[in-house]
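Every chain is named by a letter (A, B, C and D) in the order it is written, and numbering of its residues begins at 1.
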């Protein structure tokens, strides 16, 4: 018998007896639980609870709200092992990778601890004669977050801690594929002192999403997922008058200049291409080599490293790479590899036939390396979301930049070089939101903000960091002048008391 | 024979021989010119010119871009009389009111002069060991602005000076009803040194608007107008993946507390209700009186003041109020007054029959005052955009706040009181973006930002001021680590030169 | 046999067998311990330890330094009872007051947790063509703090958490009168992970202070104490080329307008005048009444409240006021009361003869109230640092402002009124650094900064909050241009690897 | 008969008939005027005028104060030729160099135009329950500036535009050696609308300086000059309780790495070492070469360039270098060259015997180059303030950094390299306030701040840019709570009006 994961509404775990679907352990291919899919009514109940909790929470001083975040950080650290096991079991990523994810999430909680400082508005004395003017950044009300399977702990922590620290209440719809860690984390927030109803979690599918999008109570929507869904969310939210930030897909290129420190680059790229089985929106899936010399060395070196890569169950911390999330994903990734071969790329390492002993039904695909990939191939154009790295050979940095700028996505990119000018030229001219210089996964730290360009992000404000404070608040500008009332002039003795 | 106003594309005045429509002088009701309505091709030509001018302008250092703004400010001041006459002739507002509008616009140019300071990104040393991270706020590319008839000079100056100071190039579609001042101003920008193609102006109607909305080159759209159009713009822009800020309608309430300084309040309200014939999105159209005592005094005092109000041609600077923009507007406003009477409001002053001698065909409606208006009447629910002030009587501040918060709009509001606590309670709890305390028109100064709440603004960033810099730029975050290259270690003598 | 408190140097408790002096429990007048007074050599040893710890700590990423602060906050909360008992035993303040002090100190630690955000420098792309420029705020090196007896836990926490979060190492010389809590707190910092030598504590007297002032290693000095010593510290530090912030004495006035909410004001003033026996640099020691009506009511009401004030041992939490710090302080305060009577003030409540049963040797003085005090009296001109409140009667707000602006100190002040205009006029025109409106002790919250004007603060930056980050860092501005190196142009294939 | 330059006090040119001294044209060695040296009384009169102008100016809204700066910028541009001729005549620098100086000064005026934005304080809603807190940055009152001869136009413009934009009034004591341009500039400020008395200029010597330092009216002092005087100013100002920023001397090193782009570096260094005859606190006077290969090339290349350097009268714009400021300066610089030879440095190019035909009495010294200079020589330890460049040869970047960090000054420095890691390592570890990467004179742009480290700056805030706004303002923090007054509750009808 499996355990059914439900919702967290008004501070209580809720199961309504509605539709469910199974949850799998991707390392074994076995069902490890079930998740209930929220109906319109259930989502509306969550929204109603958030709305009810809003007035009191909004009026709680920011410094008090921060106290919840301080305690929450400590509880996350104390419960890290349990959370990571939940992540690994349902997602498949190796425990140490789950720990890295959680750590990044905790850093977002740390940022939220600074909310009294972050919420400061701007004050102008004498904007006019005896007139003062200032801005306040007030919470929006009820806001919603919709998050993907690949970072079940981290991406929700990008959103709701900042949102509730700003004084909002929240309805989170996480991925239904790996729902357990997010609920555990939400319970820790309650334990840390978050009042009931401030954070609500509903599991569900399109029905739940659409209920959030069409609710007139929900003021804003944050989304992370694929680009087609991001576009849907963004345009539906706009149609309903909401503010929205919708983060979509990626195809992240690294550029290797002739002066690349190759050892450093190869180590960096192994993790960035194959970590979490490539299921990261910041995964490096393309290596653009400038000149054949570096290309040849790179391919040789990667091939050698891949041979030693340890693939297996996420729950075995000695592994370096785990399975994909579902059997469908496994099939889709293998299909891309097939297509790459058909379309003429040189398959240097083939991960299609990998079998992990004892985990024969796990959704594994081995690390795969293509050389001589061209921009017309589907393994280049599409976000594969699997452990497939494509080497594209070019002759100059200009050519590399053109390639990247022509791609529909603009999430992350990276250049390997020792040369100041090449790095500066690249970072300046590249149409990508997050750029690394000798840093393969340029995910901004929690006190900066996360956001791609082009079809990788819809909206004007990025996720987490300073932008989150702006996204989750509404500017109010007050202009004030006081008429003289006689208190400080006139006949003060006769003032009525 | 009338003069036909065309477009400004690539630094040149352009007339294509396409569709035109007449431009009227509302003070006389006579045609004073014509305006050409841009076709899809004309708008696309403007976009193409903006795109062509972008790379060089984007790479011009911000401090150089600011020099254009410094000179532009001076030219606007030197040419103020001519600009104001153009505004007044085509819009109808009195010259001194046009001057006020222009002055506010110039202040936005002054703000843009500070762009080197405003564009600063955040730099973190040691975001990790030997890793630095910083943000850059880079321009978007080609952006568009769509602006209303009521502030033909000011609202465009809310948008494009900030946008181009940030390094963007711009296509402006102003109102086709009063197109001349905006073109004059654009020419002054060229004279100030703005390179050709950086700012383009196309006159037009829905065809022009839709071309901008559907262009894949246009990265962002700023709009000011009515709420239904704002909603259309916002959802269409989102559907096309653009960022958008769309400012819509308003119904601005002032609250008069029992301790109101009445003389101050009445003076303030006369200008705020009837200035520019009520055709302002920040016009005060509702006075909410707390207690009958202040209501009675207010109505009596306003009635007296209205009796002395000088209404007439905008070109006669001794007037205090001019005509409405069109015959249609005149008809619509009179219709609202009819409805107010029918629905039971007490018509204290009736402006329907006003005739201005010598300007019998001008689109005048006199200052109108209703008392005992209730929330169900159309003169309360709708934005009239005419010189009609409605007094609503309530018994408490709580009731006043509820009334305002229940209205669909949330642009501006104001409280008149001498009491610190009442003001603080009001500004805190009111769901309105711009709040005045004893300030009737709480338009934020140029170094703050302009934005309503609820259905008065769609988007997450407000107009002009600091928000404009964020709206017209895209965050790029760079994370940098340098591998040791031997330059400062190893055998330095043998380094290749 | 008493316990001798020594120093904390390089992470170890140190006793050198040097000079000592007794530590008293002011509630009983009995010796409760001894404190060693550091010699030149001992202070130099502390400085040397700080210098040795500096390079590694400076290079620790700010986010890692913040982790120490997060843990430190939790440890302070867990050990609050013990710390407060140490404070109360040696200082005499009532336990709940010690708890308040500690809480304020913890809030400074919370602020330091946000150091990654607070240390951000400003980055300008294209300061010139292809030239970038940015600022970094780098630590100073070894910095020193010298703190007073009246807040043994809080004032050190104003200083060193911000300083070490910025990357500095620290030598603290706290008050030798109540040395135990500060050492306990320093040990908790070590437990939280602060590396040895980053924070050093030396107890001592002028010899220790002068050693710090003359050390060429010490880069900056923060001081809180009396004005004559502040002046000495400030000029000596300057003579030795150091940066310095030296906070001195105060005489804080409250102004009661005719429309004062009296009950609120009296409650507020009881705590602000008599809390901690008046030994606070933010204590309210003067009440300026505008008009005799409010004066008469105030004096009557205070007299009644004072009658019920519970004075006794600091270790009994049911008390509201404890003893003064020393027998000397007791004698000095009584001397001021004598002088007030001689100089003609009206002594409404006389605290000179108070005896606390069972604590006959404690350094108690009862709450004392003078009416009709004039600006020439020593109870008005001097900072008494005891439970003495002086009422000065004036006829207008202008007169009240002149009185306050003419006083040599300008630390804190407060106005009681309901009137927006009176409050704004007062806060604008008063030459005082921290101003309350209906808030009797306007100590800024930890994310703002603390600083008086006139002879209450010497230096340009205030204590704690944002200013502390500037005070404890040095701006470095980097301007960078990269010459083209051929990597991205030229013959890329032949580049040497 | 020569013209005597006096003072500008209360908006009027003032000559008191007091002590005078001659002003020379350094290009000819002839007297070109005289300057009156202010007595104590004259300086006190200037201070009194500044004090009288303060209240009205302080209450002028920042946006109005900015208008003066906008017009002042334009007037400076329109009068640039005249100003530069005055600079060149009295200082000797070549006209184009004077133009560069003036341009930099104008950029400080541009920065001051943004004062409404720059003065914004921080506002916290709900710092506690219903308690708001915010900071205001208020002007100090009368502040003083004392400026050096080498940038007679620019350095005063670093100070007073920011100071007066902040609302202060100012007394400037410029260098008595080249007094004319500063007075011309001050008159343009009046023409731009600066009220009389807001800016006062007194010429003088130590008597004037000490009067400023001892005045109880003067709140702050900004100084730029030599280090011994800076120390005197800093400690005297502190002794008198003032805030002070005192910028002193420099010995700016450039480091040439083996991968230096030599052509770029040599061009850069010619201007940086010999421009303005080396009389700049940012002049590059030491070249540290890493490895003999780059050293040999550098010396050969500089020697060749020096041979073509055109030296002559400042008023002839075809020249590249002019004379020193005085005969004494000429003698002193030649003495240093003598000492360099005696102490064993290799004199590659000797400028001692330079004669400029037609200007035989001008204070010329030719560009001088020493190789193989060691740290013990006086040409290395001292700031020569003349056209003398010393090459010091080292073997590694570490050695170069140690050399620089051991020098008493820390104003500016620069590294020439193409290597990202070397640049980052250098900028991180160097104890210098302004650091260039391939930028020889890393003077921060006007919207950053100027400040050295070590004995090059005394104080905690740098000159101009954001720091100037902090230096010229005092933080006031207001904490506000409103008691309920019955206006919005209770029986509103009976409220007294």
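Brief remarks follow.
Note that a residue touches a chain if its C-beta (ideal position, glycine included) is under 8 Å from a C-beta of that chain, and two chains touch if they have at least 3 such contacts.
Nothing here was measured: the structure is a model prediction, and the numbers come from that model.
Of the two interfaces, A-D and B-D, the higher number of touching C-beta pairs belongs to B-D. Of the chain pairs C-D, A-B or B-D, the one whose interface repeats that of A-C, sharing more than half of its contact pairs by residue number, is B-D. Between chain C and chain D the centroid-to-centroid distance comes to 36 Å (mean Cα coordinates, whole Å).
Chain A and chain D have Cα centroids separated by 48 Å.
Between chain B and chain D, the centres computed from C-alpha atoms are 42 Å apart.
For chain C, the set of residues that touch two or more other chains comprises 63, 116, 120, 122, 124-125, 127-128, 135, 259, 417-421, 423, 437, 445, 447, 466, 480, 482-483, 485, 496.
Contact residues on chain C toward chain D in their complex (touch as defined above): 122, 124, 127-128, 131, 133, 135, 220, 231, 234-235, 237-239, 241, 243-244, 259, 261, 264, 418, 423, 427, 432-439, 442-445, 447-451, 453, 455, 458-462, 466-467, 470-471, 474-483, 485. Interface residues of chain A, counted against chain D in their complex, comprise 59, 61-63, 116, 119-129, 134-136, 138, 417-421, 423, 437, 496. On the chain C side of its complex with chain A, the touching residues are 63, 66, 70, 73-74, 107, 110-111, 113-114, 116-118, 120, 125, 130, 132, 257-259, 262, 290-294, 395-398, 417, 419-426, 428, 445-447, 466, 480, 482-485, 487-489, 492-493, 495-497.
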